[in-house]
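Two complexes are shown next, each including chain A; its partner changes from chain B in the first to chain C in the second.
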Partner chain A sequence: MKKIILALAVASVTAVSALSALAEESNPAIVHRQGIYKTMAGHMTAMKSILFLGFEAPADLAFHAQGILDGFGHMGNAYPPGSDKGETKAKPEIWTQPDKVKQRAMDAVGAAKALVAATAGTDKGATIAAFKSMGEKCKACHDDFRKE
Partner chain B sequence: MNDHPATGGLPDRGSPVRVWDLPTRLFHWALVLAVLSAFVSRKFGDAMLVWHMANGYAILVLVLFRLLWGLFGSTTARFRSFLTGPGAVIDYLRANLKGEHPRFVGHNPAGGWSVAALLTILALQGVTGLFASDDILVKGPLAFLVSDKTVALASTIHRLSFLALLALVTLHLGAVLFYLAKGDNLILPMFTGDKTPSQLPSDAPPVRMRSNGRALMLLVLALGVVWAGISLWKW
Partner chain C sequence: MKKIILALAVASVTAVSALSALAEESNPAIVHRQGIYKTMAGHMTAMKSILFLGFEAPADLAFHAQGILDGFGHMGNAYPPGSDKGETKAKPEIWTQPDKVKQRAMDAVGAAKALVAATAGTDKGATIAAFKSMGEKCKACHDDFRKE
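Then we have the complex of A and B:
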């Protein structure tokens, strides 16, 4: 009886550790940053529907712009060492060219602030311009640091 | 006295021969412009990619037209006239290695396959573009039909196949320059349509030209198919 219990215990410990090893395949840092990126992309899509596709909610533009800016504010430590392992499209250069990454991130944050400022007004043209420039800054970083 | 060094001493006499019909030439240069502009508009243009997508559609129409023209067009435009077996390609490349200068009315065996490869890559590029997304603010018009995974895959193929396209274009330009270095200018005929007798084989078969009207009809057909392929899904 004792032997069976022991065997079961050993088996379950092995199973649990095997399972948690599996779970580590999806590195929490990766899951988090991808979640934030997706949130920001969601705000971009919603803004696009208002600015270009005719969805009538001009008052929501400011909310989405703020959401993007907040997203950058809550990226946290998005690329800690070791978070190159797992289901990620981050290029290795992220860890070898931190200054350039920072530059791209600061450019994007700058564009997000400009977008927040533009949506505070009622000039749709200015908002569209700020929106496009936001998209260009996202893209610039993807061109450099995101795998094809 | 008429000796032409580049033609291995063949006298360059006789009047030029029409080898490329107008539709093929227009297709060629329109494609060059559209591909250049698809690249430039993605890299430096508007973030919404409006122009890039318009270019992409134009390229799809052009490629489809060229496929039709490859079946129903003038002799030199037809796939049957320039897609040869591997033996002919190897013979051709060998002859070049030996310093010979084999001449052809239309495409040489290697050039013919490079045309096929270019058209294939462009079709792939255009079709994957329809399903691609930049994950930021642009989606291809058919991306909504497929899963996120498929969109990601199409986008990846779209980005990578452009590199394949660049490689093929480089090869293409390299071959043309190689000919130019040998004194055989293949670029001019793609503008004027004519080759000089010295650029042609002595036993050149006649080129059977098809009318521009037929080409126009096929172009309209291609336009309709691409338009339908993109818009019918929304209903």
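Then we have the complex of A and C:
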């Protein structure tokens, strides 16, 4: 009997996990901001390949930097009330520490602008430094406001 | 003795899996194309939120459509020889069926251009139709050439 109960419990947990994985998030703000962040992460990944792995597309660095800056410009109302409900890694602190969130966002936008400026030139070292700074600003916000 | 060997075997497999998960992919073409695809997937996700979930950023549809088209324009040499080696979902058929790959890519670029054109107008229905067509072209290539 105990074995049956255990088996049912395991099956039930498995079923719930499977359903949860299948359910698509429908909170508009959650879906939208995850889409925007994904574009920015993609640009960072492409830049990493060009800057550090030797992918031959140096002329594209400026495109990717602009893509990151553009992402910030198209966040819209990213964390409206109620958008803590759903499949999100956003920590509750986002809604209780708005000034800190704003500061982190301004820091990141500043780094994106510096990255755009660096990629307008031909100094690869300057672009690498600006890229690392951008990554640090991303991480600073993730550390404070994103669940692992 | 058998138990010890089994335990060592299990520990060894676990260690290899853990290492594999930790190791960052370093094949430049794999990292680059994954970054580019991520930007495009992000734009699709943001558009989905605006078109179907009611996220209030209708003026951004054209930006996202252009971002998808731009992605194709910045793929570079996406599948060079040797870029089948590493953490990639690319099926071997990519390198054995180049004509089919090219056709799929041209179909997708065509859909992206149509999406850009649709978002230049104000007909939401036309944008939704173009968005769905874009998604179908993505899926057609994934079905043929991307591992699950």
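Going forward, the second predicted complex is superposed on the first by the 123 of 148 C-alpha atoms of A that agree within 3 Å, B and C clash if a C-alpha of one lies under 4 Å from a C-alpha of the other, contacts with A are read in each partner's own complex, and residues count from 1 in each chain.
FYI, a contact is a pair of C-beta atoms (placed from the backbone, for glycine too) under 8 Å apart; a residue touches a chain by one contact, two chains touch by 3 or more.
Here the structure is a predicted model, which means the values were calculated and not measured.
After overlaying the two complexes on the shared chain, residue contacts for A:74 are found with chain C alone; chain B is out of touch. For chain A, the partner touching the most residues, choosing from chain B and chain C, is C.
When the two structures are aligned on the shared chain, A:60 is found in touch with chain C, with no touch to chain B.
When both complexes are overlaid on chain A, the residue A:148 reaches chain B alone and has no touch with chain C.
In the superposed model, A:113 lies in contact with neither chain B nor chain C.
Once the two complexes are overlaid on the shared chain, A:138 sits against chain B while remaining clear of chain C. Once the two complexes are overlaid on the shared chain, A:45 sits against chain B and chain C alike. Shared-chain residue A:91: touches no atom of chain B or chain C. In the superposition on chain A, the residues of chain A contacting both chain B and chain C are 37, 41, 44-45, 48.
Per the touch definition, chain C reaches chain A in the complex via residues 26-29, 31-32, 34-50, 53-57, 60, 63-64, 67, 70, 74, 76-77. Residue ranges of chain B in contact with chain A, taken from their complex: 46-48, 134-138, 156, 159-160. Interface residues of chain A facing chain B in the complex, by the touch rule stated above, are 37, 41, 44-45, 48, 52, 131-133, 135-136, 138-139, 142, 148.
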